[in-house]
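Chain lettering (A, B and C) follows the sequence in which the chains are written, and residue indices restart at 1 in each chain.
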Amino acid sequence: MQANSSAPIVRFENVTKSFGELTVLRQLDFDVAPAEKVTIVGPSGSGKTTILRVLMTLEKPNDGVIWVNGEPLWHQKSGDKLVPASEKHLRKVRGSIGMVFQHFNLFPHMTALRNVTEAPIHVLKMPKGDAEQRAVELLQKVGLSDKLGHYPSQLSGGQKQRVAIARALAMRPKVMLFDEVTSALDPELVGEVLNVIRELAEEGEMAMLLVTHEMGFAREVSDRVVFFDKGRVVEQGPPEQIFGSPQNERTKAFFNAVLRH
Amino acid sequence: MPNEDHLLVKIRNYAFLVIGLLAIGIAIGVELTVNPPETAPFDLLPILLRGLAVTIELTLLGAALALVVAIVAGVARSSGHIIVRTITGFYVEVFRGTSILVQLFWIFFVLPLPPFNLSLTPLQAGVLALGLNVGAYGAEVVRGAIGAIPSGQIEASIALNMSPGLMMRRVIIPQAMVRILPPFGNLLIELLKATSLVSLITLSDVTFQGLALRQSVGRTTEVFLLILVIYFLLAYPLTLGVRWLERQRQWAT
Amino acid sequence: MSEQFFDWEYVISFMPKLLEGLVVTIEVTIVAFILAAILGLLMALGRRSSNPWIAQPIGALVEFIRSTPLLVQLFIFFYVLPRYGLRMPAFIVGTIALGLHYGTYTSEIYRAGIDAIDRGQWEAARALNFSPVRTWVGIVLPQAIPPMIPALGNYLVAMFKESAQLSAITVVELTLTARTIGTQSFRFLEPFTMAGVLYFLISYPSSLVVQRLEKRYAGK
């Protein structure tokens, strides 16, 4: 694990997030090293997805500090103190994070190619030609070079999700978040999406944070597996250890339940 | 031969409209034979067509005002700013909650008197009343379309680091447009029909010319049936256009 | 004449007359709505007829009435029909024209509502050997009509406001009353404003009720 030696690319410090009465993150401390592949597993409703959503700035934490690449995400430095971040600061730090969603969230009014070029051209201000060339490469990489001109409604779920992965990659994030990206797919389409993610994991340089129910896949690609329940990290370690000989009773019970069916 | 069948159905769908128009033509013919006018038949048409120019002018100007008002008020009603939202909400509810004829009379009869002393020509009053009334309905369409954008689209835009303005321009508005166009087409038809009300404030549109002709030359049946046909020929292509638009939602799932 | 911006004494003096006009407006609206509800259902059923000689002419008539202004239709009923011996008071003529015009709108609601009934319901009725009348009255309409109520309610409110056009054929309802009061005293601000307030006081709460009904049926 070469990654653990350097400074973390993502650090959660004492992060709390609640929705009304329901607390989904309880004073969470959690690090991700550069290029590390971390899988978060746990019962549904345990707040796994909220970790990703807070990091992507889709939800605002109630308390605590999140650091991305050494900079506070939801705060900015004002002298020695941390004050709530401005929109400008948020956009700067957010630039190093990308996300792939459970329901794809492709732009339905744009072709596959334009879905991938839209943000590089208008957010990163890349020249159109360069953005298109890169988009073609990325769509080729996810096996969709023949679907450039197709609209999302003309693609299968697995194809949509691969376009969504290409779209996120086009922004060259340092950390990529995968939020249950195969949960909305028909079973026979899951494999093609997992293969793409597996290749990305093998390339290595990008940190990846995955929430998934695909345990076999998690075991295969992860450097570290985190078992998360009731807003807290219950147990974490290399996949062989977590899957092979879990220590905590809750972890054991969870794996017994999911691996049996 | 599914295509031929399809064509037959299509022809049949419009056959009765054509037959209906022919029936009106025959009715006018019979009327002219029974009560032959002193002048040539259809001599009234040029006068009615002069009214048609006013009706079209009023429709276009009213629609332009309504469009601007609908977009501004619709976006304002979706705004997070409570004062902006309340003021536009008041405007929308007042204009949707009262009769357009009362709005027209208010603008035409009340504004020129003290304390307003704002004299408007009948055309200005008509455009203002139609634009503000239909604009209020349009604002609700715009608000509904913006609200119907799935939250995933906004989340994806944030994840791609788009600014709020870019998100509005490139993601939300293009998708809302598809939902907006068919109801806007329907509102345009309602606006066209409502232009006839300006005849009641002495603006010489088609309906006004008809009322004037009825008083000067009589021939009531002929005059009003011709007017009906004129409005139908204006409105029905719009109806067909709206139906075509509704079929064109290729990417809207 | 008072120099005030808004003369309340004047308002109080004409208010009883204006309320009489409002009563006429409400009467017209209710009768015309009942007419529209019945005519609309007949038009919708006629358009669904398997006999094209019934379905197509009714369809064409509905399209034609919908595509032309209510005001012109009112003039035809008021000025043209009497020339062929059909003489009726303006109130009756106006109510029929309003009901017929909005009947074409309600027919579209019935049509959509009937189309929304699951095919299985028709097939079950067929399997139980119900007569066509029994199928419509016992099975289809009881399921189709409740979800249509909000949309029908919207048209009730619309008819209430649009009944103002009956003033053009001398029906002394709310708008014509306001106009007459204004003409007599050359003060239009108060009568037209109060007429607007009366329209609003009835139509706005009504549309809130319709919105609640919409939510209730949407939740199912």
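As a convention for this text, a residue touches a chain if its C-beta (ideal position, glycine included) is under 8 Å from a C-beta of that chain, and two chains touch if they have at least 3 such contacts.
Treat the numbers as computed from the prediction; the structure is a model and nothing was measured.
If you compare A-B with B-C, the chain pair joined by more contacting C-beta pairs is B-C. Of all chains, the one whose mean C-alpha position sits at the greatest distance from that of chain C is A. Chain A and chain C have centres, each the mean of its CA atoms, that are 55 Å apart.
Note: centroid distance chain A to chain B, computed from Cα atoms, is 49 Å. One finds 19 Å separating the Cα centroids of chain B and chain C. In the complex of the two chains, the chain A residues touching chain B come out as 56-58, 87, 91, 94-95, 97-99, 101, 103-109, 118-119, 122-123, 151-153, 167-168, 171. Those residues of chain B that touch chain C in the complex are listed here as 12-13, 15-17, 19-20, 93-94, 96-103, 105-106, 109-110, 113, 115, 189, 193-197, 199-200, 207, 210-211, 214, 220-221, 224-225, 227-228, 231-232, 235-236, 239.
Residues 150, 152-153, 155-156, 158-164, 166, 170-171, 174-175, 178, 250-253 of chain B touch chain A in their complex.
Of all residues in chain C, those touching chain B in their complex are 5, 52, 56-57, 59-61, 63-64, 66-73, 75-76, 79-80, 83, 161-165, 167-168, 175, 178-179, 182, 186-189, 192-193, 195-196, 199-200, 203-204, 207.
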